[in-house]
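The same chain A turns up in both complexes below, where it pairs with chain B and then with chain C.
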Partner chain A sequence: MVIFGVLRSGLYSLTSVGLALSVGVIGIVNFAHGEFLMLGAYLGYWLFVSYGVDPLLAIPIGAAVLFALGGVVYRVSIQRVLHAPELNQMLLTFGISIFLQNLAVILWTGDPRTAAVSYKARAIALGPFTVGFPQLVVFGLAMALTLGLYAVLGGSRIGKAMRAVAQSRLGASLLGIEVDRIYLLAFGLSTALAGTAGLMITLQLSTSPFIGLLYTLKAFSIIVIAGLGNINGVIYASLVLGLSEAFVEFYVPQGGGWAEGVFFVLILLVLMVRPRGLFR
Partner chain B sequence: MAAVVLLVMIILPVWASRAQPYYLQVALNVLIFAVLALSWDLLARTGQLSLAHAAFYGLGGYTTTLLTTRAGVPIAAGILAGGIVAVVAAIALGMLTLRLRGIYFAIATLAFSETLRVITKQLRFTGGSAGLVAPPLLGGSLPAQYAVILGILLLAVLTSWQVSRSRWRYAFTAIRTNEEVAAVMGVNVVRFKVLAFAISAFFAGVTGAYYAHVFLFINPFEAYSLAVSVGALVAPIFGGLYTTIGPLLGATALRVGEEALRSTVRSGSQILYGLILAVVILYMPRGLLGVWASMVSRRARRAPGASTKGAS
Partner chain C sequence: MNKTGQGVAALLALLALVVAGSLHPVQAQREPIKIGAIIPLTGPSGVSGQAMQKGYQLALDEINRGQGVLGRRVEVLVEDDRGDPPTGSAAFLKLVTRDRVDALIGGLQSSVSIAVASQARQRPILMAWTGAASTLVERLLAEADWFFHYHPWEYHNADSTFGFLRSTGAKTIALAYEDGPFGSGSADASGAFAKNYGLNVIFNEGFKTGSPDLTPLLTKAKASGADALVFVSFDQDVVPMATQARQVAYNPKLILAAPPSWPVGFEKLGAGNYIAGMAVWTAENSHQASRLFVRRYKEKFNEDPTSYWAPLAYTNLITVADAIKRAGSTDLNALVAAMKATEYEGPIGLPLTFKRSIYGKNQGFTKLIAFQWQNGKQVVVWPSEIAGGKLAYPAPYGR
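Here is the complex of A and B:
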C-alpha cells in the first residue's frame, strides 16, 4: 500500500508543482491547470494513435506545445487581470477552464480514449511486491522532472529570477528583472509541466475531457497542504495526499470511490488547523 | 423595468406554447435557471462566490426523490423537504468555511459539491450511478409545472428585491467589501454570511427538487453537475451582479443561447458559459447592466455638455 501511495505521489507532485509555480511566482491560482493537463493527455493520445509515438518519447513535444499554448493564453487573457481583484483572476481562469473542457468535448467527444502502449500491463517485482511497469516509469520520470525543476529554480539565472519575483514583485523589478517576461515564462512553464503530466497519464489511464477538474482540485489541495507559494514543499505534500488516498483505498471497504474525497477532507483540515501549510 | 421583464417572461411563453410546446419547455428551463441565478447572486452579495450550488440542487433533488418514493411523502412536502435539507447543509458548510475567503472558499465549496457527487455515486441507498426515478409533479402537465416554477421564481425575485431594499443590503455590502471593518462597525458577520448561504441554498434545493419531479429522473452526474454551479455563477456575472434584474437577464440570455447552440453542437454547449465568463471578466466586468449603464451615462453626458458650453 505504501508503494502505491508513493508511486501515485510522484505523478501528483508533477501535476502540482506547475500550479505551485503559477501561484508562487505570478500569484494566480490557475483554475484551468487541469485542462492543460488534459490537453497534454490528448496530445499524447493523438501522437500515439496517429504516429505510434510512445507518450514518454512525446514529452518534449508535448511540453513545447503546452508551453506555447500557455504563453498565448497568458498574453491574451491573464496578463490583463494581473492587477485586478483576486476574484476576477479566479473567475477568468475558471472561465478558461470551462471553455477548454467543452472545447475538448466538441472536438473529441466525451468518450474516454486509451492509448494501449505495449508495455502497459507489464509488471516488475520489487522485493516481495509486484509493481506495474508503467507506474514505475512514470514515477521515476515525474520525480526526475520535479527535482530537475528544483535544480533549475535553484541554480539557473532564470530560476533565481523567478524566485526573486515570487518573493517580491517590486524588489525584483527594481533589480532590473523584467517581471512581465518572467510571468510569461513561469506561466508557460507551469502549463508545460501540466501537459507533461498529462502525457504520462495517457500512459497509465484513459483520458477524457473531464479529467482536468479532478487534477486541478487535487493539485490545489497539494499546494494548500504545502502552503501557498511553497514550491519546495510540493513533494512532501504530494506524499501526504498519495499515501492518504492509498490508505483509504486499501483499508476502507469499497475504498476506491471514497479515496476520491480524501483531498477535500485534507483541504478542510489544513485550512482549519494550519492555514499557512504544513511544510512552511 | 423589472416588472416589464417579468411580465414578458410570464406572458410570452404562454403565448408561445400555443404555437410550439417546445418553447414552453425552454421557458421552464430558463425559469429554473433564473431561480438558481438569483439565489447565487444573493449569496454573492456577501462576497461569498460559491461553487456549491450544484450540491444544494442535487441534495434537494435526491431528498425529495427518496422521500416520495421510499416514504410515501406527498410531492409538495418532498419539495419543501428538499429545500430544508439544502438549508441544513448550507448552514453546516457555511460554518465550516467562515474563515475562508475568495478562492479558498470557492475551491472548498467546489470540492464539497464534487465530494457529495462521489458519495452519492458510491452508496446503493441513493441509487448509485444509475440514479433514481421520481414521481411526476402535477401529473406531468407542462403548463401546471410551468406555473409552479413561475411561483418559485416570483418568490426568489421578491426575496432578492426585498434584500436589496432593506437594511440587509448594507450589511451584505459591508461584509462583501471588508469583513473585518464590517465586524468592527457592528455588523454580525457570521449571522449574515450563514443566513445568506441558507436562503440561497433553500432556493437551490427547492429548484433541484422541482427538477426531479419534472424531469422524473436524477443521477449523480447530472444533479451534482458542475454545469449547474457554473451556470448559477455565470448568469448573474453576465447580467450584472448584486441586482435583481441582472441574474434574470443573464439567465435568459445564456439559457436561450445554450439551447440555440445545442442545435449545432451535440454536447459541449457549455462552452458558451466559459467563453462568456472570460469575456465578461476581461471586457465588461459589470456585466450587461454595466454596459447599459455606461451607454446611458454617455448619452447623459453629451446632452448637458452642449448646453453648458453655451451658458458659460
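Here is the complex of A and C:
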C-alpha cells in the first residue's frame, strides 16, 4: 500500500509543481493547468504513433512546445489580467480551459487513445514486491524535476529573481528585475511542467480531451495542502494525497469509490484547520 | 401598356398565383421526414457515440439513395448529449418542441437516458432507443408503448456474461465496477445471475471511472484468488486495468471486461492480449449482412468498425425508416403498430423482433456474444455456434 501510494505521488507531484509555480510567482490560479497536461499527453501520443518517438525521449520536445505555447497564452491573455480582480483572472483561465478542451475534441475527437509503448505494463521486482516500471520512472523524473526546480529557484540568478518577484512585484522592479519577463518565464515553465506530466500520462494510461479536470483538481488539492505558492511543500503534499488515497482504497470497504473524494476531504480539512498549508 | 398587354400580364400573374398555390402542397409533401438522434459525440462515451453517428450515415445513404421514405427524404438531426443528463434533457426538448421531429433514435448512457425518459413521459413520441442498459430506464418507461429498446438490458448482459463464464469452467468471480449507474446496475444484477449459473462472486468492489491508479483494487482482487475478473467500466479504464494487472502480476484464469467501446490503439497493447469482452457484435462476425456492413463501413470511412454501436445504430435507423414506410405515415399510433411488427435480420447477425421484457413492452436484442482479444483481433469465442476461434483458458497472461 505504501509503495503504491508513494509511486502515484510522483505523477501528482509532477502535475502540481507547475501549478505551484504559477500561483507562487505570478499569483494566478490557472484553471487551464490540466488542459496543458492534456495537450502534452496528445503530443506524446501523436509523436509515438506517427514517428515512433518514445514518450520519455519526447520530454525535451514536449517541454519546449508547451513552454512556447504557455508563452503565447501568457502574452495573448494572462498578461492582460494581471492587475484585474482575481475573479476575472479565474474566469479567464477557466475560459482557456474550456477552449482548449473543445479544441482537442474538434481536432482529435473524444476517443480515448492509448500509445502501445512496449514497457507500458512492465513491472520490476523490489524484494518481495513488484512495482510498475513506468510508475517508477515517472516518480524518479518527478523527483528530479521538482528538486531541479528547487535548485534553480534557490541558487540561480533567474531563480532568485523569481523569488523576489513572488515576494514583491514592486520591490523587484525597483531592483531592476524585468517583472514581466519573469512572469513570462514562470508561466512557460509551469505549462512545460504540465506538458511533461502529460507525456507521462501517455506512458502509463490513455489520453482524451477530458483528462485535464481530474488532474487540475488534484493539483489544487496538493498546493492547498502544501500552502498556496509553496513550491517546497509540493513533494510532501503529493505524498500525503497519494498515501491517503492508497490507504482508503486498501482498507476502506468499497474504497475504490471513496478514494477519488479524498482530495476534497483534504482540502476541506486543511482550509479549516491550517489554512496556510501543512508544509509552510 | 395597351389593353392586350395588360390582359396578358394579368393572366400571367393569375397563372403564377395558381402555380404557387398548387406547388405549396407538393413542397409540403416533400418536407423531409425528421428523425432526432441524441447521442454522446464527446465525453466518456464519445467513441461509442461517434461510431453510432457513422452507423446512421451508412443507413441514411441507403435510405435516401432510392426514393427515401414515403417519397420524402429522411433527415437525421443529431444532438450531442456529451454524456451529461441535463444536456440530454435539453436536446430532447429542442428536438421535440423546436425541430418537431417525427421520431427519436439514439441513446447510449443510462444516466442521460433517465433524464430523457423523464421528459419523454410528458411528451410521448416514438423512441427507438439503442443504448441504456440500466433497468432504471426500463422501469421509468415500463408502460410506454412508444418506447422500443434495442440493446439488451443489464440483466440480459449479466445473463450472457455469466452464461459465458460458466461455459469456461470458472467457479469463482471477482467483480470490479465503476460506481455510476452503468457499473453499479450491472453489479447489482450480478449476484443472482452468478448463483443461477453456479458461480460464486467472492470479491465485489466499485471504483470511480477515470481513476489513473487501479493497482490497490487489482491487488485486492488478486488476493481473493477468484478464477476470473469481471471488469465493468468505460473505455478509458481498460488501459490502466490491463497494464496494472500485469504490473501487480495479477494473472487470473480470465479477465473479462465490458466497456461500451475499446480505446483507439487497444488492439496494439500487449497487455490487452487475451482479455475477453462481451458485445452485441464484433467485426469478426461471419454473418453475411455483417460482412457487407463491414465492407461498406470501410469504403465510406476508410477504417475498420471496432465498435458494435455502429451496426446497432445502423439497425436502429433502418428499422425506424422501415416502420414509417409500413405505417404509411408518421402518426404515432400507426408507427408504434408498425414497430411492433418489426422482423429484421441485419448486420448484428441475429433476428430482431420486439417482445416484452421484465418491465418494458418492446425489447429487441437479449443476448451478447463473447470474444477474446487475440493478437489484435476480437475473436468470437461464445456461443459456440457462431464462434470464430477457441478461447484461451486459462489465458496466458504474463507469459
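Please note the rule applied: the second predicted complex is superposed on the first by the 280 of 280 C-alpha atoms of A that agree within 3 Å, B and C clash if a C-alpha of one lies under 4 Å from a C-alpha of the other, contacts with A are read in each partner's own complex, and residues count from 1 in each chain.
Everything that follows uses one rule, which is that a contact is a pair of C-beta atoms (placed from the backbone, for glycine too) under 8 Å apart; a residue touches a chain by one contact, two chains touch by 3 or more.
Remember, predicted model here, so these are calculated numbers, not experimental data.
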{"item": "Chain C versus chain B on the shared chain A, clash or fit after superposition", "value": "clash"}
{"item": "Which of chain B and chain C A:Arg113 touches, first, second, both or neither", "value": "second"}
{"item": "Which of chain B and chain C A:Arg8 touches, first, second, both or neither", "value": "second"}
{"item": "First (chain B), second (chain C), both or neither touched by A:Gly132", "value": "second"}
{"item": "Partner chain(s) touched by A:Phe220 [first = chain B, second = chain C, both, neither]", "value": "first"}
{"item": "Touched partner set for A:Glu260, first chain B, second chain C, both or neither", "value": "both"}
{"item": "Which superposed partner A:Ser50 touches (first chain B, second chain C, both, neither)", "value": "neither"}
{"item": "Which superposed partner A:Gly95 touches (first chain B, second chain C, both, neither)", "value": "first"}
{"item": "Contacts of A:Val105 with chain B and chain C, given as first, second, both or neither", "value": "both"}
{"item": "Touched partner set for A:Ser206, first chain B, second chain C, both or neither", "value": "second"}
{"item": "Segment of chain B that clashes with chain C, given the candidates 1-9, 55-63, 145-153 or 217-225", "value": "217-225"}
{"item": "Contact residues of chain A, present in both the chain B and the chain C interface", "value": "105, 109-110, 209, 214, 254, 257, 260"}
{"item": "Touching residues on chain A, where the partner in the complex is chain B", "value": "29, 77, 80-81, 84, 86-88, 90-92, 94-106, 109-110, 209, 213-214, 217, 220-221, 224, 254, 257-258, 260-261, 263-264, 267-268, 271-272, 275"}
{"item": "List of chain A residues in touch with chain C within their complex", "value": "1, 4, 8, 11, 49, 105, 109-116, 118, 120-123, 130-135, 201, 204-206, 208-211, 214, 245-246, 249-250, 254-257, 259-260"}
{"item": "Contact set on chain C toward chain A in their complex", "value": "40-44, 46-47, 49-50, 176, 179, 205-208, 210-217, 219-220, 235-236, 239-240, 242-249, 263-266, 268-271"}
{"item": "In the complex, chain B residues that touch chain A", "value": "49, 96, 99-100, 102-104, 106-108, 110-112, 114-115, 118-119, 121-122, 226, 230, 233-234, 237, 265, 267-271, 273-282, 285"}
